[in-house]
Each structure stands twice: as structure tokens, then as C-alpha cells.
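First up is the structure itself, then whatever we jot down about it.
Chain lettering (A, B and C) follows the sequence in which the chains are written, and residue indices restart at 1 in each chain.
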Amino acid sequence: MTATAAKMKGQAERFRLPGIAGIGFAGLLFVVLLLVNVYLNPERFLPHSWGTLIGLAAPLISAALASTPAILSGRGGLDVSIGPLMGFVNAIVVTIIIAKWGLAGPVAVWVAAIVIGAAFGAFNGFLAAIVRIQPIVATLGTYLVLAGLTTTIVPSPTGTIPSWFSGLSGAWSFIPLLVIGLLWFALTRTPYYTALMATGSEDRAAFTSGLNVTLIRFLAYLVGGVFAGIAGLSLTALIGSADPNIGETYTLLAISSVALGGVSLAGGRGGFIGATIGALDIFLLQSALIYFNVSTFILQTAYGAILVLAVASTAMQKSSGGRDL
Amino acid sequence: MGSMIAILRRQPILGAVLIAVLLYFFGLASIDGFGSTFTLRSMLILAALLGIASVGQTLVIILGGIDLSIPFIVGFANVVAAQLYGNGMNFALVCLIVAVLALAIGAFNGALSARLGLHPLIVTLGVGTFVQGAVLLWTAGFPSGSAPQYISNFVSIGGSIGPLPFPGVVPAFLVMTLAVAFFLARTPFGRRLYALGSNPPAARYALIDPVWMWAATFALSALFAAIAGVLLLGFTGSAYADVGKPYLFQTIAAVVVGGTALVGGRGSYLGTFVGAIVLTEINTLLIGLGFQPSAVQAALGAVIILLVSLYGREAHLREQI
Amino acid sequence: MRETDCCLEAERIVLKAGRAPLTVRFRPGEIVGLAGLDGHGQEVFLEVLAGWRRPLAGEVRHSGRAGGAPRPIRNFRDAMRRGVAYLPRDRRRTGIFPALSILDNFAIASLNRDTRIGFISPRIRRERYSRFKDLLSIVADDPRRTITTLSGGNQQKVLLARLLVREPDVLLLNDPTRGVDVATRQLLYGVFKDLALKGMTIVILSSEIEEAIFLSNRVLVFRDSTLSAELSGVELDNDRVISAMFGRAA
């Protein structure tokens, strides 16, 4: 038993490193796409545009980061409700917190977003970890509930946001990302992170060495929910209104980003840096293709091709490095 | 109540059947015209279309995978069939071309996932996105064409075969269900599918080739998605690349509500058959009760969670050591 | 030893870089034990014989039931097809299919023998099963129940039946009595000896020296990924095997 625990600890320490090997292809793609983008449109990448640029990328990056903890927790861990949760936060904040209750200040808005995110994250965690419904099914249920509620509250795009809020997609666009980043960084300094990675890579061993696997998994969904709440703020700042149709689209993009960034969908492998680079890849790809003014169809075709290529080449890198028997 | 749940957990199909029956009587009691031939017929057609699209998802989940390319293949077949037929091609040839392409795409999904050990969720998502993008590019986003009349009659709400008050797709669905169940129970392929899903490392010692099995199973999945796509063309009358979109999650929901666990090696198509009926009933019921489509969606999500927490729970880790 | 007697031969097999190659011939009707401290190459050797693993050098050759010149075994599938059957060590991980019935577990490696025009006939399958149920005294009330309802020993019998139904002429066993009760052990020993009497070649890796000595006509002792000793007849005793395992001259 001590041997397993030691082995797990060793693995967890290995995973703590960002792991350049794991994000090789995605990292390379990032550099190439960045160069292409800068070459095409240098104006957008000058320091004075950084705020706007980050504001454009922030919803996808934070959606990817929100998807990561559940995936890391292993055994099919996955939260497909991240996108609709962002959309729900967007709808509630704009139409209820700001418009109906008149609470337009930053404190009320941030608290509302985080509370909503945490509540639904906890709900998903309850279903997946405690009731033990397969995560994809449980969060699919939540997905449908949230998407349905959002459309009921906001049948069509509506509402406005105060100017400080719009600033979160401009000069202050780094704030939500920074908050998520700091929260995650703080988590990696706690034993919880080691426990999460151990659970994700080998849950039976984690369980037999005395970890509370149920609680660890529950918290992973809770953390993801909080991040999704903050992602909802970035999204709201960017679109400047309540829109029932945008949130949902982030689910599959976020999962793609995470996979692209070398986070193993089997759990226990990968991290935040990988997920961020994966999201940046998709964002830069998007913006390069939009610059060419190509149809969204080409964009979609390119997404698909690059996603498959990226995961395949990452896997081949790993297998050429020797498969352990 | 407790013992009932215990029975349901051991016999999830029974649970799904029970719920289907209860829903039916609830509908009869609460909605005028729920028992009418028209409602029944439209429910059966919708369940049949969902059921056909879910065949592949069932097989893939028994294998221990998941197929997110189904909605994209449905849309792909829908648009390509309409486009080619609209260009004057013989419809049998159209179907052959669509089937071969679908099989190839599916085989690629499965072979790539198994060969490189990639999570099929990402592979099928990527390949599906690519396929749909390619189709949209080809048609410039405005697909044209339609299905021949006999396909429309086969799935039409107003259709009938002889004296029977429903179109051909309903009996065809029943026959197909029995055929798929028989195929799973009585062919070497069916048994290997369960074995590989149940214990992949042991399967190789039992001469089961995982790459071949994954390629074949995902190919079958794509084929059934394509069939659903062509039938939907007859049902809606015109081509639409996003027609399969609801099937992304509905096929998974039908499989799971039918009692098939996502862990691989367990489950049955009979369960999915009932699952498709239950989902269609819930949908019809909620619309009949006057819910808006968005509220129907929300309620459907809640019902899926409720049903699966009744009989689709996984064992605790301590029982798996 | 005449060339034609041999049905399986390991020719200049190298298991690990820099180790001496080993050449072993296995005759029909012979039971050969493999012994050694854990990880000293005996298991790798067994997997090489089964075609599951490629040796660094050398080849395994096999001549079929009909005789003829021995031909090299290309891979695991080729070995199984030609009648070299392998029973892996870890019953739970690489043996049973826990979600499947006893019948399925029994028939999974020989499904095509059950089929009529492509479909499995339950009748043929039951007949095949009942032969082995009697031969191996499998204790199971209803073969349609899942295999996990059986005791470890009975699960092992089903796995053995899975191989025997393919009518192999070489049976490679990786610690077949591990985690099996005493009664079942005695039964399995009897079965192995019977099969050998009928001309089957049996290679058995055992983690218990007494078992290897009791069953085998000769025992190959491995040390440091090569052959340390080959003992048979009067030489075959506990002390000599242990000495060879530890690399001491007996």
C-alpha cells in the first residue's frame, strides 16, 4: 500500500510540471498561428490592443480552464454543461441582477456569477460523484436544464451592461483570467491538487490509500463551476448583452481546446497551461481564418482537421517514445 | 419502493418499459387526444427515427466508446443524398454512395481511436466537425434537392401501409430492433463486441482484434446515422446540414435511459429501443402540456437525471477493487 | 532426439541484450516446467513461445499435427491458429470477461465453431460446453449466468476450457494454479497429465517449485534471462532447482 502511495505521489509530482512534451504539437501550432496572425494583422497585436485581444480570447480560454478539473478527476469525468452554464450566468446577470434588481456594481455581479457557477458545479458534482451517474450523462442533463432555462428567461438577445463591465472585455479583460489563474495556482499548492491527480490517474489505488475519492471528484466539478461562472462574466463583457444562443457553443470548443492542449480525457494527465494553449490555438486559428474573410465553413473544416491531427500527432509522439508494457 | 429500485437496477430495461407505460397512461389522463391515432403515429415515427440513429451509439457504447459524430453524419447523409438526387442521380446509386462514404468515415473514426489509443469523444467530434464543414463548403451552405416520394411516404406522418394506420418506418423499426438484438446475441461479431467492451486486455488473448472491431463498429454506427439522415430527408422534405443536431445528446440519452451503462460490455439494443420511446413520449407529453420548446428541453434534462439516478448508477469504487 | 519428434522448438532465442541464446525442443506428450525467481526471464520466454512477444533474436518454430517441417511462428494469432495455446497469468485482468456469461467466456476464442450460416447455434455451443464441463468438472448450475458468479478455481477451468476447445497440440500455461483452491489444483494436475498422455505438449510456468517438480518431466530453471539449468529424472529435486534459481552450482 505504501508502495502504491509512493508511486502515486511520484506520478503526481511528474504531472505537476507543465510537461512540454505533452503539449508539443499544440505549442508548435500556437507559435505558428501566432506568427501568421501577427504577420496578417500586426495592428491587432500591438500593446494598446492587447486588452481587446485578450477580451476576445478570454471566454474560450476560461471555458477550457473550467472544463479541465472534471476531466482531470478521471473515470470519464467530463462536464459538458460548462457552455450552457456560461450562457445561464450571462442571462441571469444581465436580466435579473443588473436590469431587474438594479445591482449593477462589480461586487454584486461577481458574487452572483460565482455563486451561480458554484451552485451548478456542486449540482454536477453531486450527480457525478455522489449519486454516481456517468458524468457525461449527468452533465448532459444539466446542459439541457440550463439551456432550456436560459432560453425561457431570455428568448432573444436583450439588455445592456454598465461601462465598468464592458471594460472587462477591454483594458481590464485580463482580470477574470487572472482570477481563475490565481485560484488554480493556489489550488496547486494544496494537497488537494496532488489528490486530484492521483484520483484521476488511478482511482482505485487512490481509494485504497485512503483518499476520499468521492469528495475529491465533487470538488473538481465545484471548482469547474466557479470557473464557468467567471467565464460567464468574460462572455457577458464581450457581447455586452444577454444572448441565449452563444453559451452553448462553448462546450465542444472547450473540450476540443483541452484535448488539443494535451489533457488526457482519461484523467490524471495534463494541466492548465496545456488547456490554455489549446484554447489559444483555436482562438488564433479562428482569427486568422476570419482575417482571410473565409466562410465559417472553412473555419469549421479546419477546426475538425486540426483537432484530429493534433490529438493524433500527440499520441504518436508519445508512442514513439516507447510504450510501457 | 426500495426493493422496486433494486429490481430496476438489476433489470433496467424493465424499468424503462415501466416508465414508458406510466408515461403513456399519464398522457392519456392529462392531455386530450394523447391516445389518438395521430399522436400515437407521430410518436412512433419520431421514436423510430431516434431509434435508428441510436443503433450505432448503442454498439459503440457496448464497445466502451462514444460516438459524437452521429449528428454530423446524419446531416452529411441528409444533404449529400438530397444534393445528388436533386442533380438527377439514380436514388439507389445515391444511397450506395452515401453508405460507402459513411462507412469509410466511421471506420476511420474507430481505427484511429483504437490504433493510437485516442479518446473516441475527441476523434469523432473532430472528424464530425470536419465532415460537416466539408459538406457545407460543397453546397455553399445552401443545400438543395429532396428525397424521392417513396422515401417521404415511408416516414410521413400521413403515411400508411395497406390497412395499417402508420407508415412503413414503424414496422421497419420493429423488425430492425429484433434484427439488431439477434445480431448482438447470435453472431460472433456481437459476442466479440461485448467481450472487447467488457475487458480489452483479455480480448487480445482471445484473438479479438481491437482495431478491426473498433473500425467495424464505428463504421456501422455511421451507416445507421446515414440511414437516419436519409429518412429525415423524407420526413422534413428538404435538406438541412444541422438536421442531426438534436441527435448529439439524444442518442446518448436513449442508450442510457434504456439501461446501457457507459462502462462497456453491458447493455442491449432492446433497452435503447425503449429508451427512444420514453424520450419521445416525454417530449410529446411536455409539448402537449403546453410547455414552450425551451421549457421542454429543461424538463427533459431533469427527467434524464431523474431516470438515470433511479437505475443507471455506477457501483461504488469500493465494490470495484 | 529425432527432429520429427519435435512439435515446438525455440531456436537460439535471446531474451535480453547480451544474454546467452537458448535452444529448447519440446516433444509431444511431455510436460516441461519453467522455474526461476520472479522476473528472471521465464515468463518472457513463455510469452515468446506463445508468439505474444518478439525475442531479441532467434525464432520459435512449430510443426503442426500433420507433422512436416517446422515453420516459424509469426505472432500470437498465428500461434493460436496453428495449435499453440496460451493461458495468461492474471485471471482478472487478462482472462475473464466479467460482464459476460460462462458460456460466452468459454466460447469467445472459438466462436466460428458454433455457427450455422454465420449465426451462433445455442445447441452446438451447449454441446461443446457440456463436454468440457464434464472433463474439467466445472461446478456451475446455469452456464448463462455471468462468470463472476463462479469461484476462482471454476473460472480458471472455464478459461482452460476456452483453450482446450481449440484442440491445441501445445499448451502454454502461465502459473495456472495461482489463487486456486486445493481440490481444483489436484483436478487440474490430473487433467494436465491426461492431456500429456494423449500427446499434448505442456509447458507450465509455476511459482511453486514443488508443483513444477511434481508435474514435469523436466524443469528449465531461469536466471538472469537465460537458462541456468535443465533438470530431469533423478536430478530433478527441490535443492537443485533452488540452487539453479540462485545461480549456485548444485
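Keep in mind that, in the parts below, a residue touches a chain if its C-beta (ideal position, glycine included) is under 8 Å from a C-beta of that chain, and two chains touch if they have at least 3 such contacts.
What you see is a predicted model, and the numbers here were worked out from it, not measured in a lab.
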Far-end chain from subunit C, centres as C-alpha averages: A
Identifier of the chain whose CA centre is least distant from the whole-structure CA centre: B
Whole-Å gap between the CA centroids of subunit A and subunit C: 50
Subunit A-subunit B separation of Cα centroids, rounded to whole Å: 29
Distance from the mean Cα position of subunit C to that of subunit B, given in whole angstrom: 43
Parts of subunit C lying in touch with subunit B, wherever the complex brings them together: 76-77, 80, 86, 88, 93-100, 104, 107-109, 111-112, 114-115, 118-120, 162
Complex contacts: residues of subunit B adjacent to subunit C: 182, 185-188, 191-192, 194-195, 197-199, 201-209, 265-266
For the subunit A and subunit B complex, residues of the former touching the latter: 76, 78, 127, 131-134, 136-138, 140-152, 155, 203-204, 207-208, 213-214, 252, 255-256, 259, 264-266, 295, 297-308, 311-312, 315-316, 319
In the complex, subunit B residues that touch subunit A: 66, 112, 116-119, 121-123, 125-134, 136-137, 140-141, 249, 252-253, 256, 261-263, 292-302, 304-305, 308-309, 312-318, 320-321
